[in-house]
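The same subunit A turns up in both complexes below, where it pairs with subunit B and then with subunit C.
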Partner chain A sequence: MSDKMLSPGAGFIYALSLTALAFILRSEIVLLAMVIPNFLLSLYYGRKKVAWVYVLILISAPGIFLNALFFSNYGTLYTTILGRPIYSNCISSFLIVFLRIAVIGSVGAFFVSYYTPMEIVKGLEKELHFPKGIAFSVAYAFRLMPLISKDFSEIRKVRKQRGYRAFPLTAEEFITYAAPLLRISYERAFWTGVAMELRGFRLRGKRRISSREQARFEK
Partner chain B sequence: MRYNIFLSGENVRRPSYTAIDYAVLGAIAVAFGIMFAPWWTVYYGLKSALGPIPAKLITYGLWFFPAPLAAVILKKPLSAFMGETLAALVESLIPNAGGFTNLIYGLAQGAFSEIAFAAGRYKRFGALISALSGALAGIPSVLLDAILYSSIYPLGYMIYIIIAVMASGAIYGYLAYLVGKVVK
Partner chain C sequence: MRLQSDEAYVSIEELSAGYTKPDVILGASLRVGKGEGALIAGPSGSGKTTLFLAMTGVLSHLLEGKVEGKASIGGLDPLKLEDYELLPSKIGIVLQDPEKQIAMPTPIDELTFILENFGYSREEAEKRAAEALKSVGLQSKANFHVENLSGGEKRRLTIAASTVHDPPILLMDEPTASIDPWGIAEIRGLIRSSLDKGMAVLLIEHKPVFFKDLFKRIYILRGGKLDKFEEKDEMSIRDVDFSVKECGEEKGKDIGSGKRVIEARDLAVGYGRAILRAEELEMREGEIVAIVGPNGSGKTTILKTIAGFIGPIEGEIVGERRRFYVPQFPDMLFIKRTVEEELRDQKMDPRARGSLKDLFPWYSSLKSSNPFRLSHGQRRWLSILIALGYDPSVLLLDEPSSGLDLILYNKLVDLLKRVKNSGKSVMISTHDPRLIVDLADRVYYIQDGRMAEKGKSEACSELYEVAGVVR
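Coming up: the complex of A and B.
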């Protein structure tokens, strides 16, 4: 199914397990050891695709540090920043939470850079035995992505032609994008579903034939 | 049509999902999967500028949106759960800072959202139930946050956070009901 060293199903379980572990681990060294290989692998397989994930993680760092400074600043004195004492627990809390977020981000980044969406969908259905309806929904979602992107650019073009702001900033502007996009997607999904039902989607399954029939086919 | 998934017997109708339902769930999943990914940037930006509580009040509800929306459109048992989980799965497969936590959060939020519709015996899919569904999704979200950020937030502060997140969920749940009515 896939020529990769790690099959998509195994990759899915690996990413999910490491993410779940990141919730409970409290050791900075272990968390760091989990970040480094995933960080390097994700950059190796999809540098442009995942670079902004790391930018986002870095953006979150000041917020995490401020929270640690306000709520967990106790222990032994570590240093002072702008005359404010920084205690040991503030540093360790910041490091634990930041590294947890880094583990989660890097594992997710590695997974999405290593596999294509369609490989993942096939892996979910064939290896992990997800129900075919769920696998179809995910596959259909990825198929719709370029169509939605095209619809979005058309709405933006129309808004520009009418002298409105191209990028939505207010809630009202957001609705002018979201309502037609959802309406079109719903209509498209509805008729796709009708067509699939007419072609017997629910009856799909492994065809069982007798050995005599098989021998006849093989002739 | 009446459904009851908790009883067994000849007179009980099991929820039957058609290809149309799965396709609609896929459409909801992609629409919100795409919206969720950049929403992280909005959340982190607001969190850095305004602090965690206003940021959660403004942004968190959107992450609970697909559950009531899917339920209002499909009106079937487990539709809220599947809507939320699939959107979270799609979000997990798009590169973003949340990675697979999206899926873990989505599963839990979907299950809690489903409780509101199950409490209405899958007969009521109105504004109140949708808002309740959004608010309930806030509970696991805060609990998981508490585990993830336990090193930082004290318990008392978490109570303010849970109120903000549930309020946000209720607002977005009501909006999901309005959007569901327009879409369908």
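Coming up: the complex of A and C.
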């Protein structure tokens, strides 16, 4: 099925476990230790394919910091920025949330870069006995990612030409970025779904070819 | 289930269909037998795709739409769930855009996945998939990532995907929507070989000019009604393109007298490595220049290079700095919530902005609409107006006529003539011979990675010839 050291099923469990752990753990050091190997592995296997995941994680940083500043700014005084006191809990809350996102992003990036969508479908179907619909959806989501990355880059350039920022910083800008991306991705996914439906996806795992068809093939 | 030779391979009777109620298709009937073909033409928004989705059962079983009447494909009734599930073994399908039909990362995976759906073992599926790839000349790229295939190769992959399981029926929904004349020739080849093999072929298409010689039976879908088309009615088909443009006589090189707005020598463009080279590129004020070539030949790349999105690999582009690129997907340009807000964007040039709403024919009824909710043609229209709002000296349009029906196409030609008459220059990347005849002052033609100027008439004739259109 796959000549990889880690089978797709095992890879999926690994990614899922680390994602769950990211929500539970609160140690910055442990979270950082989880990010580094996945970050390096994803870049080793995926290179440019996953770089945009890290761009998005970095874009989220200012928002996470503002959130920590408004809702968790207490503890001992750590420093001041523009005359505003920053307390220790603000820093640790920021780091924990940011590293959690980084763990989820990096393990997802590793999973996407290490396996092909076909390997994921087979792994989830055969090893983990996932329903074919879920297995295919997961695999196709990964097939869409490089396409979304390409669209994202094109939208950035077109927006710059219109005199707008190339990267979204505010919530409203983020929405105006997301809208065309979602629309284009939805249209792609819709027609791929129709194509797969009419190419026998519903029959998958249900039907064996008849002996007549088999004979015709052998001929 | 074996089909008898006298049995209708595809038939619909009094079929009505729609998304919330059956009001898009109104009582359509047709019949296609073994070795027969039928072409259904119709303008944008006439319900062609709805008809395709309805007759295959997708509308009722997947999209929860409403379908009434009878349908039979390959002896199965796709409107019944148990038959709908078996339908794929009887049909091969080719849809609008190759990009939107490929689900797997490599050509071999794509075909193997489809054959596995039909119950083939992995080994059998791989063997048969390899044979199918060989038949479309993709055997050497079986394990390439699909993103590294050219547009033409992706299209050939979708052709292989439609016939890999040897179905008796071929159904196609606007297969030329985003393809070039080279692709049209391949689709024509597929139709011809399928008919020769005795398959039933049903083609739904808004550019029937490219296929009308292959079909004895032509239907027109308009206002939900499906009517048989008689040749004598040809002149009355206002909104469906049945005619081949006259490419005209060559008039000799006309370089124009306006000042140069774009000039480049020994240019090489691409992403990291050169995919297209041009010894000379020149454009004058008030001129419309067409860049013509197959999908994946570098037309978009050279437009993006001129727009300044990417730097040239060799050479330099000089001239007017105010250039604006309108992408092939107009949605990428939209930022605001309504049409009105888009056309009043404060970042635009105040003088240019003032006249934009008068140039949008549907402004009074659609000004409060979200740009994403407009029809494809309207979205393309809006994207060009947004570009004009920035008062560029050079407008760069990427495949502006793709997906437009004849009415919208003619409106687009009028709009671009007005733009030209206002002194602006327009560069169009296209493989549509009509645009060359109707608009271009000059043509640059791409062949084997090189771009050079070519006569209008010659370029137009060549595109029709490549497509294999009978004139």
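Here, the second predicted complex is superposed on the first by the 130 of 219 C-alpha atoms of A that agree within 3 Å, B and C clash if a C-alpha of one lies under 4 Å from a C-alpha of the other, contacts with A are read in each partner's own complex, and residues count from 1 in each chain.
The working rule: a residue touches a chain if its C-beta (ideal position, glycine included) is under 8 Å from a C-beta of that chain, and two chains touch if they have at least 3 such contacts.
Keep in mind that this is a model prediction, so the values were computed, not measured.
Asks: Is A:L16 touching the first partner subunit B, the second partner subunit C, both, or neither of them?
Replies: After superposition on chain A, A:L16 lies in contact with subunit B alone.
Asks: Just subunit B (first), just subunit C (second), both, or neither: which does A:Q161 touch?
Replies: The second partner, subunit C, only.
Asks: Counting residues of subunit A touched by each partner, does subunit B or subunit C come out ahead?
Replies: Of subunit B and subunit C, the partner in contact with more residues of subunit A is B.
Asks: With both complexes superposed on chain A, which partner does A:I96 reach: first (subunit B), second (subunit C), both or neither?
Replies: In the superposition, A:I96 touches subunit B alone.
Asks: Who does A:T176 touch here: subunit B (first), subunit C (second), both, or neither?
Replies: second
Asks: Which of the two partners, first being subunit B and second being subunit C, lies in contact with A:Y140: first, second, both, or neither?
Replies: After superposing on A, A:Y140 lies in contact with both subunit B and subunit C.
Asks: Considering only the touch criterion stated at the top, classify A:Y186 as touching first (subunit B), second (subunit C), both, or neither.
Replies: first
Asks: For A:R26, using the defined touch cut-off, is the partner it touches subunit B, subunit C, both, or neither? Pick first, second, both or neither.
Replies: After superposing on A, A:R26 lies in contact with subunit B but is clear of subunit C.
Asks: Name the contact category of A:E197: first (subunit B only), second (subunit C only), both, or neither.
Replies: Both subunit B and subunit C are touched by A:E197.
Asks: Per the contact definition in the header, classify A:S72: touching subunit B only (first), subunit C only (second), both, or neither.
Replies: first
Asks: List the residues of subunit A that touch subunit B in one complex and subunit C in the other.
Replies: The overlap between the subunit B and subunit C interfaces on subunit A comprises residues 117, 136, 139-140, 179, 183, 188, 190, 192-194, 196-197, 201-202.
Asks: Residues of subunit A touching subunit B in their complex?
Replies: 15-16, 18-20, 22-24, 26, 46, 49-50, 52-53, 56-57, 59-60, 62-64, 66-68, 71-72, 92-94, 96-97, 100-101, 104-109, 111-113, 117, 120, 133-134, 136-142, 144-145, 148, 178-179, 181-183, 185-186, 188-190, 192-194, 196-197, 201-202
Asks: Taking the touch rule as given, give the residues of subunit B at its contact with subunit A in the complex, in rising order.
Replies: The touching residues are 17-31, 33-35, 40-41, 44-45, 47-48, 52, 73, 82, 86, 89-90, 92-101, 103-104, 144, 147-149, 151-154, 157, 179, 182-184.
Asks: Flag every residue of subunit C that touches subunit A in the complex, lowest number first.
Replies: Subunit C reaches subunit A through residues 53, 56, 58, 62, 85-89, 91, 93, 95-97, 99-106, 109, 112-114, 116-120, 124, 128, 147, 161, 165-166, 304, 307, 309, 324-325, 327, 329, 331-336, 345, 347, 372, 386, 390.
Asks: Which stretch or stretches of subunit A touch subunit C in the complex?
Replies: Those residues of subunit A that touch subunit C are 116-118, 121, 136, 139-140, 143, 146-147, 151, 154-155, 157-159, 161-164, 176, 179-180, 183-184, 187-188, 190-204, 206-209, 214, 216-217.
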